[in-house]
Amino acid sequence: MDRDRDDRDEGRRRRTAERAAAALWNGDRASQGLGMRIEASGPGGATVSMRVRPDMVNGHGICHGGLVFALADSAFAFACNSYGDNTVAAGAAIEFLRPAREGDVLTAVAAERWRAGRAGIYEIEVRNQQGELVALFRGRSHQIAGRLIDD
Amino acid sequence: MDRDRDDRDEGRRRRTAERAAAALWNGDRASQGLGMRIEASGPGGATVSMRVRPDMVNGHGICHGGLVFALADSAFAFACNSYGDNTVAAGAAIEFLRPAREGDVLTAVAAERWRAGRAGIYEIEVRNQQGELVALFRGRSHQIAGRLIDD
Amino acid sequence: MDRDRDDRDEGRRRRTAERAAAALWNGDRASQGLGMRIEASGPGGATVSMRVRPDMVNGHGICHGGLVFALADSAFAFACNSYGDNTVAAGAAIEFLRPAREGDVLTAVAAERWRAGRAGIYEIEVRNQQGELVALFRGRSHQIAGRLIDD
Amino acid sequence: MDRDRDDRDEGRRRRTAERAAAALWNGDRASQGLGMRIEASGPGGATVSMRVRPDMVNGHGICHGGLVFALADSAFAFACNSYGDNTVAAGAAIEFLRPAREGDVLTAVAAERWRAGRAGIYEIEVRNQQGELVALFRGRSHQIAGRLIDD
């Protein structure tokens, strides 16, 4: 039945996304070092969280914008690598909408907006523990040679 | 003489930029923790360097894009705060042109492109130790209340 | 009853959006000249369409990117002016995902992603008559002095 | 002599840029219709001007942002096609810094910032007749199949 085949395909895509996220995470010393956690991952999407530590604060006493970007960028990476092909960021734009403060727990949710050939566009929302929008990020991905996982 | 007055004004602006950079740097635990160094700072500009450490590498074995962004963002911050007014990033866009690798020394040079009222536009080039362009960053700054330094 | 009051408020916001769109449209000789049509408008949103005319084609035989941008920008303008306050674009970024060709009918749908104080972020999707995504646009609005309509 | 060869190469590149600009311009009904003029073109660069006509004004009585973008985008197109290979815009970001008004003569100067493989980054400044900065534009180009001119 087609329904069975669709379920099998969907299951296969989910497993590919999970294995790709695990492979990527294992080597991702930067995201590990920043205390990030993968909360969820699936085909074309990912959710990653990070607590703003005392050593993440800038000279204005708020979370360094580069680290808010890094969180969004990691969620973007797990989303755009979820098909198992090596894929990197070609560019990104971020809007900083509200400062994040020490102790805040930030959550970045990445969603695919478009994908064709080797290119993709992903949008990532970063919210704090109150659900307030901290940043909006849009990334453009570029698939390079090689697979992230064995098939 | 006008020439003398211009020199004095220029000197005053340079000292303001240096004091603002020092004040910002003192509280900037994030940039310190990432091993950044301020190489130069002046009115509307700044140069900041960072060595790509083993803990800055992502799952593809290259420097995490968020940390390349963080370096550019710090140079941007020192440049846009150089007049002594508290100024934050409102948004930024980055193009990743070449991967940075463990051991690379990256240098970000920030230059002011435009400033009016409370807003400014800065462009930051990130290059590696061979002088190759790693990333192009454009940031939009927004001046908030308060001074960074006493006058 | 609260329900009644909510309905009245919602009705008032809808009328404000319609009047603001009409006021803006009346003076918008550029959008008129490009043959745009407002398909819908409401609080924080707008839908605008445009047929790609022979005089909109560039040297590669496809719709000039500036005119795809102009369509998205008009939808953005109707959306961010929908509260009746004079509001202009401060900046925008566009991704061109698929060429538009002569005769295509493009539709831009603008949605508000965030708004606080005088600033707002809007995302606009441009699709062709087959529903295919032609461009993704993100605009940042800035409210200036004055009202677009009498209250 | 090397000097002679360099001169010949430079001359060849200049002629290629001029022929590419002419070929692109001939088919570019949009830029023609908007009254643009190519002021200069060369390898990796171009200067294009446009007078803000009465039919280019939006509902706020200033030049429609889409048409400021279109001018910058045309300068970008002449610059990134100057090597004779068919090249299109993949994306762009613009900052609107000052309104342009009816009767203003805008000039867009495009300069190449980076080029590798099929991709390039160009920055375009748009100024009015007083030399004031109206907009800053950054475009990302993508070379597609085919040549714009015969070799």
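Letters A, B, C and D name the chains as they come in the text, with residue numbers starting at 1 for each one.
Basically, contacts are C-beta pairs under 8 Å (C-beta built on N, C-alpha and C of every residue); 3 or more make two chains touch, one makes a residue touch a chain.
All values reported here derive from a predicted model rather than from experimental measurement.
*Asks:* Measuring centre to centre, with centres taken as mean CA positions, what chain is farthest from subunit B?
*Replies:* C
*Asks:* Using the touch rule from the top, work out which pair, B-C or A-C, shares more C-beta pairs.
*Replies:* A-C
*Asks:* Averaging over Cα atoms per chain, report the distance between subunit A and subunit B in Å.
*Replies:* 25
*Asks:* Report, in whole Å, the distance between the mean C-alpha point of subunit A and the mean C-alpha point of subunit C.
*Replies:* Between these chains, centre-to-centre, one finds 29 Å.
*Asks:* Please tell me the distance, in whole Å, between the geometric centres of subunit B and subunit C computed from their C-alpha atoms.
*Replies:* Distance between chain centres, rounded to whole Å: 35 Å.
*Asks:* Of all the residues in subunit D, which ones touch at least 2 other chains?
*Replies:* Within subunit D, the residues that touch at least two other chains are 91, 93, 95, 140.
*Asks:* Across the complex, what residues on subunit D touch subunit C?
*Replies:* Contacts found on subunit D: 23-31, 33, 54-67, 69-74, 77, 81, 86, 88-96, 99, 148.
*Asks:* In the complex, go through subunit D and note every residue touching subunit A.
*Replies:* Listed in rising order, the residues of subunit D that touch subunit A are 91, 93, 140.
*Asks:* Could you please specify the touching residues of subunit D with respect to subunit B in the complex?
*Replies:* 93, 95, 97-98, 113-114, 116, 121, 123, 133, 136, 138, 140
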